[in-house]
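Take a look at this one; I'll ask things after.
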Amino acid sequence: MQKMIKKVLVANRGEIAVRIMRSCREMGIQSVAVFSEADRTSMHVRYADEAYYIGPSPSAESYLKMDKIIEVAKLSGADAIHPGYGFLSENAKFSARCGEAGIIFIGPSPFAISTMGDKITARKTMIAAGVPVVPGTTEKVTSDEFALKTIKEVGLPVMIKASAGGGGKGMRLIREEKDILPALRGAKSEAMTAFGDDAVYIEKYIDSPHHIEFQILADKHGNAVHLFERECSVQRRHQKVVEETPSPIMTPKVRAEMGAYAVAAAKAVNYDGAGTIEFIVDDNLNYYFLEMNTRLQVEHPITERVVGVDIVKEQINIANGKVLSFVQENLKQSGHAIECRIYAEDTDNNFMPNPGTIKHIQEPLGLGVRHDGYVYEGYTIPIYYDPMISKLIVWGQTRGEAIARMRRALYEYKITGVKTSIKFLERIMESPDFCIGNYNTHFIENNLERLLADSECDLNCEDIALISAFIEYSDKLDKVKQTVSMATLRHGADWKARGRRSGVNRL
Amino acid sequence: MKLDLKVKDRTAALELIKKEGNILKVSVDGKIYDLDMIKVAQGIYSVIYNGKSYNVEMVPGNSTKHYLVNTFYRSYQIEIIDAESKYMKNRKSGDSHLGENSISTPMPGKVVKILVKPGDEVEAGQTVIIVSAMKMESEFKVRKPGKVKAVHVKEGDLVEGNKVMIEIE
Amino acid sequence: MQKMIKKVLVANRGEIAVRIMRSCREMGIQSVAVFSEADRTSMHVRYADEAYYIGPSPSAESYLKMDKIIEVAKLSGADAIHPGYGFLSENAKFSARCGEAGIIFIGPSPFAISTMGDKITARKTMIAAGVPVVPGTTEKVTSDEFALKTIKEVGLPVMIKASAGGGGKGMRLIREEKDILPALRGAKSEAMTAFGDDAVYIEKYIDSPHHIEFQILADKHGNAVHLFERECSVQRRHQKVVEETPSPIMTPKVRAEMGAYAVAAAKAVNYDGAGTIEFIVDDNLNYYFLEMNTRLQVEHPITERVVGVDIVKEQINIANGKVLSFVQENLKQSGHAIECRIYAEDTDNNFMPNPGTIKHIQEPLGLGVRHDGYVYEGYTIPIYYDPMISKLIVWGQTRGEAIARMRRALYEYKITGVKTSIKFLERIMESPDFCIGNYNTHFIENNLERLLADSECDLNCEDIALISAFIEYSDKLDKVKQTVSMATLRHGADWKARGRRSGVNRL
Amino acid sequence: MKLDLKVKDRTAALELIKKEGNILKVSVDGKIYDLDMIKVAQGIYSVIYNGKSYNVEMVPGNSTKHYLVNTFYRSYQIEIIDAESKYMKNRKSGDSHLGENSISTPMPGKVVKILVKPGDEVEAGQTVIIVSAMKMESEFKVRKPGKVKAVHVKEGDLVEGNKVMIEIE
């Protein structure tokens, strides 16, 4: 029998590192933190049982340094590495390197990561597994003729995407025929610059889609289940802002179908561990495989709350070679959960990141509220990494209760010292489109004016703000004056003493 | 105690009329407020006015006379106007135009690229500097046409928030 | 149709006031706080929409002042009063006074409160309703002969209890025949002193019992359900310290029976609102009605977590005249929840309360953790009220996971400035008897030595503590020296200046 | 920098050998510790020693030379011993017996009842004062027989923590 994991190195930082260490602690597993120069005071360093410095602040010189991280794992005697999300989490080479070093990588095999990482290969694999994909090519576009012919078959509008892609790079939307060839050339050259690979492919463009993803868990013995969907359509610049489960547009029939496809997709790459199958869904609930994230997602807590499963513990159990402790029929969605991502950003200034020092923090507590964060009073958010401060997750018996609870939690959540997206999120929770559950990925841009509007407050509010500043300033002045007058007093006494002394000296 | 305070376009005259412990009487532009106001933690006040309970958070600004004040629903940038600041204001008013067109960063970050040098003529909307922070690059553009007077940073510099990076006249 | 509640005055303080206001906020109901002199800075005052001063610090002059509280309710336009627990929550007169003033009392009728408040009446009512009670009398003991005869029937040991009683006053345990008459006289005189009523009754003494209670909810339309049990046997001086649900000793059959009796008990007094039926249970799962608490309990959150119902919202819905939105068959227990009460107390010094100023607080967060508190950094816990700081509630899929999570949460929970019971609670979570679920109300006294033992830590721990104090002190010294030397510097300059000046003067 | 520190019955000699930023070399009774130690907030240190991560919280005690220090698993009462405290210790050692038998309150509270007056002879275990705090009344008993020297409080007084209420000799 395999030796059980006793010590886990968490190759990440911030909230996700702390979140992973929490589950380790509950399992009696020791945790090892790694940190860059900027992160000496980060909570994940303080929370871990052990902590090791791995390099300068830029992630390329620390959190992305495979050699260094594997070296620390060996030095500290960690049996396993959890990559979190981002950084090395979807790096097939790192998964392989861990294996070679005799360290368990808590995540899928290099094969599963690389198959799903290359978009054209992933599309082909999914088609072979019978999973619906967005209409388009399964080959890379090698000639203008091929592009024109394919687009004619698929019908405009289409997207050209880089096979190695991600983050919107090497991507072009084409609405008119005349734009096809320029867009193709642009996408290829951008893909080459960004990824060193100019392979692109063509997909039908789905207008106003919903982003719906399915959480899956698969063990090393061929068992796989899905933990239902997450609705992730509230996005800004392809960045998720709010997620919820169940999706307000889902039906039991479509859920069962999509869930079965998600499991089939995972099985098609012999997947093991936790993963997410992303679909795009149109208003008529037609759904298409978009991509697979072969790691833990930022938004996994809403699934944990509604399904009652600790996904990180399941990842560790799977890595330990255990058989999944439940089958699909055991799993149920109970109630409704919503997650808001709290960013250090200036929503009134084009959502510019706003790092800085936390002066005061009051965290929301009470019934149905989970808060996954890592900052504390006096902590300085560094400029080198993601501006996410924390994730606020609420649960309610119904979607309505969950929204009301999120509003309550956001109202209670106070941070001073950095600007945050808290008020922007409050306005999302109040917007009619969100409240009735009628929204797609264009929600934020369609509602931007409303979401950025000032909250209402009577004139007293402004006057009370003025009075508070007035009193704070007056008290400060008083203190300065006291200090000054005490200094004068002492000065006076001093002077007399010296007078006397000098008198003595003169004798 | 009397002071003028500025919030947005409004300049309000405040006067402390009475203070007994946390019970205050304050006049704001002639309107009398009877308040129960207590500092509960560093920078945090609890205010009760006419039975209503307000939490007010105060963050010191760039100078000792600037505060960012948060009530539950809104944030206010407030400035204390005393004799000294009135004097400074008068002195500065001459070159306020220059200040407006200069480029400063609202957040700490790292200078990625500088696209102009002193003496360059710039057009409105022209990008003059790129700063990166938290995985995002921001392009800073000129608001009005002008001429680059000075560049105070160089590529690779770490800059603090609210620093003037490029002066344009 | 009745007008719906729009504004609630919460006639309480601290964590329970904040907890009630949270549910009000989620329902769109305004909340009104009342506060004593000592509580101006309490979180409930800051959290409420409105806040009113009601008197000096001792609760008899503030939180127990019915007139004043009803006056504030009228002044503020509150339609309802929520009494929380303690203070006026089980005061039949206050319930009646609210009704007379046209204000909804969020709690049961005066009749239900007074019937359940008088122990002899409650016993009689329960017997009439077919609910098993502890063997003993249903009449007050009027003569020595009656006492001797009854005790002979019931069999020693027995308890003599005050009918108006509570808090252990007017209570005597009798193990030997010779003690009967002295104990009877002692109990009666104590009851007279404490309650102005010397009525006492006799109950069989159940040795090493379990305290198990059932949460019930009943509307004004004759519908009543139970929300299953809570195991409350971890007690110290009749004060609950840890509660959990489900009870580790419960069986489905006994649960169903006891639940049905709990509902019958509530119906016997036409109960409406939330209430708790307390039973004592012996090792063979024989159970007896002990008393009914006609209010919200401190430990209600564990039920909320496992059953998925917000009990405060249900109280408000019931007060609004709404029909319960679920029937017994809709309710299920899912997973396991544990609550630890965090007290400001010195566990090494006979659990002496330890009020003071909170210097630093780090609250436990993350998956499965709920934290209901009211203190914040800089807050001074007043000496006038209960020393409870907060309640930590965790949920797990299994009892084992819940215990592991509670250990993790207690590990994360840091408060400096006051002494707390956190480490004592950690040791409860580690004790074998608790972990296997084999405990009764003698658990703490049976395990006291283990629970008070020092935690183990290697020598490095002590040395690192020494080094930290050393560095903190050295840095402080350095700062003082700098200040002094700067002062000397200035002093020197000053001296020269004065020298020159005096020179000038001499000219 | 060299200092003696006392914890329980142990007096340890500490010396700061080197300090570069947050990297320290310290000797404790001759054992050398190479540490990474940083103050992350008021009274909170993060310490990394041999790869192990420790959080240390420091609460100032009754004097500037006393600290309550919490590591994850244990609390330590630590006292800085310098020339001044050595002198004070020597001076005090004569009447330490008196201190032990005097009655002081470990927490703030209200004096409910005083059962003795100066001059009274008291026996071991005799209750001399009752103090109430947080709904609980505590009886304070004499540890050894003696004579009441002074009563520093009266009934109804609010007392702070760690105050001597009754002196017994």
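For the reader, a short list of remarks on this structure follows.
Note that the chains are named A, B, C and D in the order they appear, and that numbering of residues resets to 1 at the start of each chain.
Operating definition for what follows: contacts are C-beta pairs under 8 Å (C-beta built on N, C-alpha and C of every residue); 3 or more make two chains touch, one makes a residue touch a chain.
Keep in mind the model is a prediction, meaning the values are calculated, not measured.
Looking at A-B alongside B-C, one finds more C-beta pairs in contact between the chains of A-B.
Centre to centre, using the average C-alpha position, chain A and chain B are separated by 31 Å.
Put simply, the C-alpha centre of chain B and that of chain D have 47 angstrom between them. Residue numbers of chain B whose C-beta contacts span two or more other chains: 41-42, 52, 55. Counting only residues that touch two or more partner chains, chain C has 47, 376-377, 411. Contacts between chains form some other arrangement here, matching none of path, ring, star or all-to-all. By the definition given earlier, chain contacts exist for A-B, A-C, A-D, B-C, C-D.
Every residue of chain A that touches chain B in the complex is listed here, in rising order: 344, 346, 349, 352-356, 359-360, 383-387, 411, 414, 416-417, 454-457, 460-474, 476.
Within the complex formed with chain C, the residues of chain A that make contact are 18-19, 22-23, 25-28, 47, 301, 304, 308-310, 334-335, 362-363, 365-373, 376-377, 397, 401, 404-405, 407-408, 411-412, 495, 498.
On the chain B side of its complex with chain C, the touching residues are 22, 36, 38, 40-42, 46, 48, 51-53, 55. Those residues of chain C that touch chain B in the shared complex are 32-33, 40-41, 45-53, 75-76, 376-379.
Across the interface of their complex, chain C is touched by residues 1, 3, 5, 7, 10, 12, 14, 16, 24, 26, 28, 31, 33, 35, 37, 41-45, 47, 49, 52, 54-59, 64-65, 67-74, 76, 78, 80, 106-110, 133-136, 138, 158, 161 of chain D.
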